[in-house]
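Scrolling down, you'll hit the structures one after another.
Across the two complexes that follow, chain A remains constant while its partner is chain B and subsequently chain C.
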Partner chain A sequence: MEELKKLAKELLENKTVAAVIGYQQVDDKRTKPIIVTTPEDASKLVFNEYCLNNLAVYLTKARIKNLAKQNGTTLKLGIVAKPCDIHAIVALIQESQLKREDVYIIGMNCHGVVKDYGMDFSGETLATKCTPCDSHKPLYSDSNLGEVKDTPKVSDEVLEKIQAVEKMSHKERFEYFKKEFDKCIKCYACRAACPLCYCQRCITDKTVPRWVESSPHSRGNFSWNVVRAFHLSGRCIGCGECERACPMDIPLSLLNRRMTETAKQAFAYVSGRSLDTPTLVGSYDVKDSDELFM
Partner chain B sequence: MKIGVFICHCGENIGRTVDCPRVSKACQWLPGVEVSLDYKYMCSDPGQNMIKDEIRKKKLDAIVVGSCSPHMHEKTFRKAAVDAGINPFLVEIANLREHCSWVHDDIDAATDKAIDLVRMAVEKVKRNQPLTTIEVPVTKRTLVIGGGIAGIQAALDVANAGYEVVLVEKEPSIGGHMSQLSETFPTLDCSQCILTPRMVEVYQHPKIKLMTYSEVEKVEGFIGNFTVTIRKKARHIDESKCTGCGLCTTKCPVKKKAFNSFEENLAYRPAVYVPFPQAVPNIPVIDETVCTYYKTGKCQMCVKVCGREAISFDQQDTLVTEEIGAIIVATGYKLYNIEKKPEGSMIKGYGEYGYGKYKDVVDGLQFERIASASGPTSGEFKRPSDGKEPKKIVFIQCVGSRDDSKGFSYCSKICCMYTAKHAMLYKHKVHDGEAYVFYMDIRSGGKMYEEFVRRAIEEDGVKYIRGRVSKITEKNGKYIVKGEDTLASMPIEIDADMVVLATAMIAQTEASELAQTIGIPYDKYGFYNEAHPKLRPIESTTGGVFLAGACQSPKDIPESVAMASAAAAKAMVLFGSDKLEREPVVAKVNELFCAGCFLCKKVCPYGAVEVKEMKDRNGVVYKEIAYVNEGLCQGCGTCTASCPSKSIELAGFNNEEVFAQIAAL
Partner chain C sequence: MSDKNWEPKIVAFVCNWCTYTGADLAGTSRLKYPTNVKLIRVMCSGGIDPVFILKAFERGADGILVSGCHPNDCHYNAGNFHARRRWTFFDELLEYLGVEKGRLQFSWVSASEGKKFVDVVSKVVNDVKEMGPFKSYDELNSEFMTKFPDMPEIDKNMIIKEEEAV
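After this line comes the complex of A and B, so read on.
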């Protein structure tokens, strides 16, 4: 922990970065995001199992980006990132939202986070996104900190749920999602929390013509949630922030994870894993399977 | 907004299944429709005048024509609208023929559907924006790919009209297959004698840039504005120094390592060689694969004898880019090799004819070389195995052609004629020889062609047998040809000294790769597709790319030459004006909302999307967004479909217009 504070202080002091996006302890079992701009505040930074947020989302916000611009020069933005958050940064770089040299990645070794604040860290309280996770060390980073510990081994809850849904008949499945989507209040918290929902004007806000009905009605709810799932297919890095942000507990990871699995099986592609491969959406290889389009 | 609706009966074509008067009556009451009429032939002069009159009389703002496909008459109706003072893009076509009357037979239902189609078009046209056509410049230079007789003719025609030509040939010399032929049907004039003057003319023409031993590597751009990258393969000879004296080729100690492909592998060539004495340009090529220097680093005999220091062992391939306006593809054909089943091919092969196994079973081009005065036997009929004069030759037609079970379904077209010619040439020189021809049908359509075949049969005594050959075996230096005479209904056996197979004309080995490079369609055999089989046989479906010769389908020399001249004329039509008018149906980016993910750039098949920097008033870049180059955009709409936030739209088909159309249904 001390090494993180020390590093952040140094980076801010020698003007390597304009700010460090990180976590601050709120109480024993809760953290919140903090944007540190002065070396003195660097001591507020922490990293532990309660650092739930995917801070990469802040890198897409114009207000945060502008912090980097100081006196006519552009500094880097420092970010404390879990290995999974780094996947989001990679995806943002691939989609031209960010340049690698724009960020200073303080990559933290990670052995999982809790489902929610206030819980003790154990296998039972391990966040669902952490159960299938195989990235405990950062793939890309400018500094790599933190100790390496074993992740508790628990069954993959989301995958089991997907399999259960797949066993349903078409009608049952439709009813299941109708029930879930009917809870949607169109607050768009999922969109706000998602690092890859960076459009300046979301398609749902386009009014002439209106693509997605904005009223919280079954039809509009279906189109919104399905459109979002499609727009993230092959792109979602699986941080699960949308589901965590959802005030109505809609199981959004079912959709996103299912699309991720499809992309993995059909094209052997997982989003955000490599800066050198072209993105799945937008690249074509003659060897690509036609199965999905038939 | 005042809209006019005009419903065409298309004679009986639409009128038979769609109740046109009912459609026009129903459309009269659509919101915004000022006038709705129907007429027997809307595309006719009176029909067009009716549209023009109504536009002027009722002061219409836009029109909808319920007629045939926009492919047929959109231009006609747009022109009528322009004449009467309406922007051409305020004309919508409801396709009542291909989309309705031709595919339905229930009159009531078809009429209802027709009304729906018109209503959709009315809703769209209400939202249409007036657009102006885009003008793009034309580069008045032609690329001709292939230096056979078709390519030579096309290049000469375009160049003689005063336009520059770049002629690319992958072999070291131009001339193509015609340079290998002995004499040509039906006049029996010497092939080289009529071809070589043309080759020299190409070489000396001030408007033709000849690039032999070169291949087209990349084609970018669009009609009138192609950028073509050509790979100039290393000859290992400095072209500027070489005088073509030929000393290196005669002194090269590599004698029997490489087959002479010009002689159809009936002779050898040295490692440094010119394909044939009349080659244009007369500059040799060093074959790295057999040259001793490339293997051991020694020899260098050619360097020693060359008085001009023209040998350059370390010469590398170079890439040349050319700005081109029109492309003429004249890559020709090759003969189907029956030796074995070609890899990955749909055909089975003809192992039973023993080609490749029996030295004296040859194909048509090999026989041309044997019959040629400049060939390996100096024009004397000697069979390859022992050099003896064959006294009995069997010619087999349709080997690979017209054969659904083992070969290709199509007719190779020229074999009937050249087989008759072969038999005739043989009989002219070997008076006591016997020539037999196995044929399926004799196809001799063409000026003086039938007379030519009759002459072979009646004057020169060539024996024609209608039937197929089942097997050829060797026995004591003779080839036992077993076949069937279907007219006499009996089996037949001939002990021949030599057998000539008229193998099928097939597409060049890399025909499909080249098609993909240029972006033109090809059929299942690899022959290039014309835009319309009857009315546009010279154009490919890609604008500015024209076809000439046997790359499109099997052809003889006069047909190839005619097609080449036609392709040249098409290129010149393009060069007739300084600017090309393009439809303004291009994509446009909403700069305010574009998030710059560049998915559109990744999916654009034409490379039309570029990166544009958005700067604030202090000139500081605040974001990078997509920008569409109107000249390159072809209006395919792939970008608009892929944009997640719908911040890129296609003019003439924008979100609002298409939504209105769907909502009207």
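After this line comes the complex of A and C, so read on.
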């Protein structure tokens, strides 16, 4: 990844960017996020199948935004982004959380990432989000780097699971999800990892009145998981970070993906794909289907 | 359905300008509709947050109606258009999670449609009667009780009151 290191070094040297948010190798099969602020450190940047994080989550953090403010001017923030991460950046721009000129997107060509660190990259270990992925080349980027390789072909595991759930009766489904949600410990890691969960104050943190009970029991867990999935409906870009962050292995992608399908089918909308359209839930069309209403 | 005398609890979230006024008209026209329904007036269907629905289910609603002005009739021009998109997602999400379709229903009822209000409410009540008590959600409540073994005697309503006092 010499070209990545070289580009980042240049960008930092000529003060195009104040920092580059990227990945650093930890061991052969593991990386971690790094925020590079000096040209010397640019050599630490890498990109490979172990770059799992969606770094777009950092772009809305005040601490990171402040990095861009230098001597009275505001520089850009550089970010190493996979095509799916760029969808998150696009969604953030659509939702006015960011301006296009605030970021310098180093878009990486991507043929998939592993499910988890420590695995060899193959069809079997391909992250589930990569199977239905249709954008292996960055949609928006200021520089486009990386090799183009083929993504292993495997079946769409998440969609199959969704179809299996939809075959169940309502009662069985309720039981199934209740059991899954019961595992929730309300750590809110799913929220912290999600690039689109940027609210300064989440509805679950509101106590007067308390809309979503915060103690981990069935009732509160159900509310929380419904609210999380609903607030991401039509917005989720499917990076899978929430599910990866969940310490209790709750299949959050079953909810996200199902809502993504609704967005596609009911509104022909895919989140984070175009800077020229308004967001789905932030806009409306008088011609939207009226079927739901008596 | 087990108990013949069981009557469902229905909560209706209605907008001030159309459906609430429609319900008012039903009243002044002396039309009869089931008393199971408790109206909650909000200013606009676009202001009904889905957490209201979850709260109502948590507190024992067996069925819920959400109703506002017809498209193009919104007092605030576009509240109901925004609502329509959001409800499309919420409805599908709840159904996917195992809440039967009829538990949560939607309608547009204008200020002059007293009769339609009666029809809609009767339909919701009948549908929910057919489905019986919303046991699945109620079980979530009972687990709430067992997770707090120190207060086995306190009934559900007490907990709700404490929560409100926050």
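General observations
The rule is short, and it goes like this: the second predicted complex is superposed on the first by the 290 of 294 C-alpha atoms of A that agree within 3 Å, B and C clash if a C-alpha of one lies under 4 Å from a C-alpha of the other, contacts with A are read in each partner's own complex, and residues count from 1 in each chain.
Quick note on the criterion: a contact is a pair of C-beta atoms (placed from the backbone, for glycine too) under 8 Å apart; a residue touches a chain by one contact, two chains touch by 3 or more.
Just so you know, these numbers come straight off a predicted model, no measurement behind them.
Using the contact criterion defined above for the overlaid structures, shared-chain residue A:C199 touches chain B, although it does not reach chain C. Shared-chain residue A:F267: touches chain C; no touch with chain B. In the superposition on chain A, contact of A:V208 is made with both chain B and chain C.
Using the contact criterion defined above for the overlaid structures, shared-chain residue A:Q97 touches chain B, although it does not reach chain C. Looking at the shared chain after the overlay, A:L159 reaches neither chain B nor chain C.
Contact with neither chain B nor chain C is seen for A:L139 once the two complexes are overlaid on the shared chain.
In the superposition on chain A, contact is made by A:V226 with chain C only, not with chain B. In the overlay built on the shared chain, the residue A:V281 is in contact with chain B and with chain C.
A simple residue count on chain A separates chain B from chain C, and the partner touching more is C. Applying the stated touch rule to the two superposed structures, the overlap between the chain B and chain C interfaces on chain A comprises residues 203, 208-209, 211, 281.
Note for the complex: chain A touches chain B at residues 95-97, 198-203, 206, 208-209, 211, 231, 278-279, 281-283. Within the complex, the chain B residues that touch chain A are 592-599, 602-603, 624, 642, 644-647, 655-656, 659-660. Of all residues in chain C, those touching chain A in their complex are 49-51, 54-55, 58, 71-72, 78, 81-82, 84-100, 105-108, 120, 123, 136, 139-141, 143-144, 147-148, 163-164, 166. Interface residues of chain A, counted against chain C in their complex, comprise 165-166, 168, 170-178, 182, 203, 207-213, 215, 217-220, 222-223, 226-227, 229-230, 233-234, 255, 258-259, 262-263, 266-267, 280-281, 284-286, 288-290, 292-294.
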